[in-house]
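Next come two complexes built around chain A: one with chain B, the other with chain C.
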Partner chain A sequence: MDFDFYLSTMWSVLKALPLTLEIWFFGIAFGLVIATGLTWLRASGYKSGEYFTRAYVFIFRGSPLLVQLYLIYFGLSQFDFVRHSPILWPILRDPMYCTIVAMALNTAAYESEIFRGALRAVPVGQIEAAKAFGMSAFTRFRIVTLPIALRLALPAYSTEIILMTKATALASVVTIMEMMGTAQKIQHDTFRPIEVLTCAGVIYLLLNLSIARLFAWVEYALSPHLRPAPDRSQQIKPVPEVL
Partner chain B sequence: MEFLNSLLEQMSTAYDLLAAGWGVQLLWGIGWTLAVTSVSMVIGAVLGSLVAAAKLSHRARLRFLGESYTTVFRGEPELLIIYLFYYGGTQVLTGVARSTGSIGPTDIVNMPSFLGGVLAVGIISGAYQAEVFRGSFLAIHRGELEAARAYGMSAWLRFRLVIMPQVLRLAVPGLGNVWQLTIKDSALISVTGVAELMLTANKAARSTHHSLLFYTVAGILYLVMTSISTPIFDRAERYTSRSFTRPK
Partner chain C sequence: MSASPAAAANAEPSPDAMAAISVKDMRKCFGDHEVLKGISLEAHKGDVISILGSSGSGKSTLLRCINLLETPDSGEVRVGGELIRMKQGQGGHQTPADIRQVERIRADLAMVFQSFNLWSHMTVLENLVAAPVHVQKRPRAECLEQAEALLKRVGIWERRNYYPPHMSGGQQQRAAIARALAMNPKVMLFDEPTSALDPELVGEVLRVMRSLAEEGRTMLVVTHEMGFARDVSSKVMFLHKGEVDSLGEPKEMFARPPTQQFKQFITNFNK
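== the complex of A and B ==
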């Protein structure tokens, strides 16, 4: 056992954690914006909106993220108008932005389905009660439908976020030196893949476990009214397992 | 008009390239992708049922092992697992060969890329299949297990006549999802050099400089594969649950 090697590898990979988190965060943030748009389009009732979102979800869920990433990074630059565009070219020639765009487009497809399911799962009685109170459509959405739907979407959303953490590793195939890329480089330099990849694996696993814990905690905090009465709660695990 | 002309031109180049042999190559790529996916699914089914059994076991240690398996292999990036099996396999094989003296001290024994890739994807697929099998087992009515026990059936007989047929029936929709996931994961083993669809598209894109064309074609072919499997699994689901449909 060579502890110095493990420690120095751990440290080098950890130094790349901020970059991984950067890709992760922006991918999720832009993905959330696109997913909200898609969900709105789907729920708007326009037939064309529904067809568009269906096609979008079909395409982005049906093909591997790697293909989407290559298509955006290598494929789009073939268009002359992309290369000459002052807005598109700075984004599409940078592998970092390309990864973020690919991840955002991909996760938006999954998330819009999650949100659609959550909106449909809001009990009709709650919406009827809100109507009976004379709430306007906007108030109804803001204080009844949305909070309930968000809570219902949380478990599936946390799974999607964990899938995104795993997807950041793909950035390494387009030359980004995030955690996976760094691990790859150390592995090529030292030819000790098992040790190096185990170190990287431990970090990824801890990252994902903490994300899962965090979401479990948020879920717990958001559903006090669904928990059993205090005297019976001893027999029940307070934090549900997510991962 | 200019746009239309350029589009037509693009399409004729596309046709020329595909007819010049890349089309056949891509078809072979599909074959390899399906082979990788099927073999991985089989490995995953074996591992998945063992892990599901471990997770449902009465022994705390086995349960812990099963839990760790599913947590680790669903929580790690797929790429990392694939690298681990491919490069790690090379490390182990080389170490063994060097210590037995069958190769020189500077030679390397490479992990066969198909084997490494299939093992990695199969183990990941096994983690997801374990969850599917566990869910299906828990959905079996308790009374049926108790009835089987009351009849004096042995554990094996109970498994063969009561548990297995029902788990298989209930698992079909979940296995369909895992199959789709495994098809998409199989694209990642292009990094180890298995000539499946993704790597073929890569080679074509690099050597012809028509990356847009070949990645689009690859994307469409993946879509075709995933969308064809949906009705097949739907049909399998209808077939396996044919005695459970409600009369209209």
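== the complex of A and C ==
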């Protein structure tokens, strides 16, 4: 085993971690915004809103992210109006922005389905109680529906975030030198695929491990009511008021 | 204002004389099935009205139509003399004209549910202060103080920091009653409060309800507890197939059932 080579590869790939995290962060952040909009559209009760979200989910969940990324990066620039648009062109000529757009659009489809399921799983009786105590629709949503739905959505949402971490590797196909792009370059230069890809794989594993642990901790902290009952003597801390 | 009480009474009925709740000719259909066929009901301050009936007689629906958890097809509901305004909606069904009014009135009509419906992500104490703080906009500290006093009263103060799933059914229902009391409601609506409880837990909930009746609270109680209906309530209303079959003093009703239906109903229960 060539430890020096492993170490230097690790270091080179790690230097690309900030870029990976940047794609990841903005992808899920914009994705969350779009997903919230889609969920709201679908829950709003307008037929047109429902059809739109269903079509959206059908397209973005049904086709590979790679196809979407290629279409956005290589495909959209074929249109004149895109190249001449002062808003679209600065975004769509940049591979970084294209990756973020593709990831956000893609994850939004999955997340809106996760949120829809979570909203529907909120026990009707608890919403009814909120109504019966005079809460307005907004208060009801803020105090009862949303906190319960968020907790229900968390496990599936964390899985989606982990899938997104891995999806950042696709950025390498549109010339971004994030971790996967960097690893591929080293591999091409050295012809040592096993060492290089192992290094990249290990870093992705550790990254996802921390993300999974973080979500597990949040889930644990927010769900004392789903844990076994405490001993009579032991007091349990209430959940902070924010959630 | 220096008007004498007598003069005031002549001009306007005082709030005490006005019915706390009055329901006139309420009708409700679910599809083709007519659940309520024109029910009228009047509850004055301090009345405890037990609403009895076999399953499907419409008693729960009646209660849920009063606080608009179900929208009645026709008829009027007045709370403390105030009419809940309705308007014709799409498809010929009426809907509340002013949802703010409905919300304000609901806050005066605290409800206790068969399946408790405590908010499971909040501790008992948080359950008690949520609506007073967010609906009635009362200061949190004051609400917490009142909540602790109420929990002591229903005997679960030790469990104030527990989450509902960690308590027995009886404790949860007592917490739900305390949550209703925390609103300082004008009328309390009980929708089969003991039907989801194990038999040995029914007693602790009924004791709390009995003490509420004794302190003069106005209560509408949909129940299968014949003992409570006979001994605690001031009036018994018996619904049969969506109509008021009989209505009267509990002692009188149970001693001499006014109708064949009611007689049969209580005989079945005593078996």
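What to note about this one:
Note that the second predicted complex is superposed on the first by the 229 of 243 C-alpha atoms of A that agree within 3 Å, B and C clash if a C-alpha of one lies under 4 Å from a C-alpha of the other, contacts with A are read in each partner's own complex, and residues count from 1 in each chain.
The rule is short, and it goes like this: a contact is a pair of C-beta atoms (placed from the backbone, for glycine too) under 8 Å apart; a residue touches a chain by one contact, two chains touch by 3 or more.
No experiment lies behind these values; they were computed from the predicted model shown.
Once both complexes are superposed on chain A, the partners chain B and chain C fit side by side without clashing. Contacts of A:L71 after superposition: chain B is touched, whereas chain C is not reached. Look at A:I162: by the touch rule set out above, it reaches chain B but stays clear of chain C. The superposition places the C-alpha centres of chain B and chain C at an angle of 110 degrees about the C-alpha centre of chain A, rounded in steps of 10.
More residues of chain A are in touch with B than with the other of chain B and chain C. Of the two partner chains, neither chain B nor chain C is touched by A:I87.
Once chain A of one complex is fitted onto chain A of the other, the partner contacts of A:G125 are limited to chain C, with no touch recorded for chain B.
When the two complexes are overlaid on their common chain A, residue A:A221 makes contact with neither chain B nor chain C. For the three-chain overlay built from the shared chain A, the minimum Cα spacing from chain B to chain C equals 21 Å. According to the touch criterion, chain A has no shared surface contacted by chain B in one complex and chain C in the other. Those residues of chain A that touch chain B in the complex are listed here as 58-59, 61-68, 70-71, 74-76, 78-79, 162, 165-170, 172-173, 180, 183-184, 187, 191-194, 197-198, 200-201, 204-205, 208-209, 243. Chain A contributes residues 123, 125-126, 128-137, 139, 143-144, 147-148, 151, 222-226, 229-230, 235-239 to its touches with chain C in the complex.
Interface residues of chain B facing chain A in the complex, by the touch rule stated above, are 71-72, 74-80, 83-84, 87-88, 90-92, 180, 183-185, 187-188, 190-191, 198, 201-202, 205, 210-212, 215-216, 218-219, 222-223, 226-227. Residues 67, 69, 99-100, 103-111, 113, 115-123, 125-126, 130-131, 134-135, 161-166, 179, 183, 189 of chain C touch chain A in their complex.
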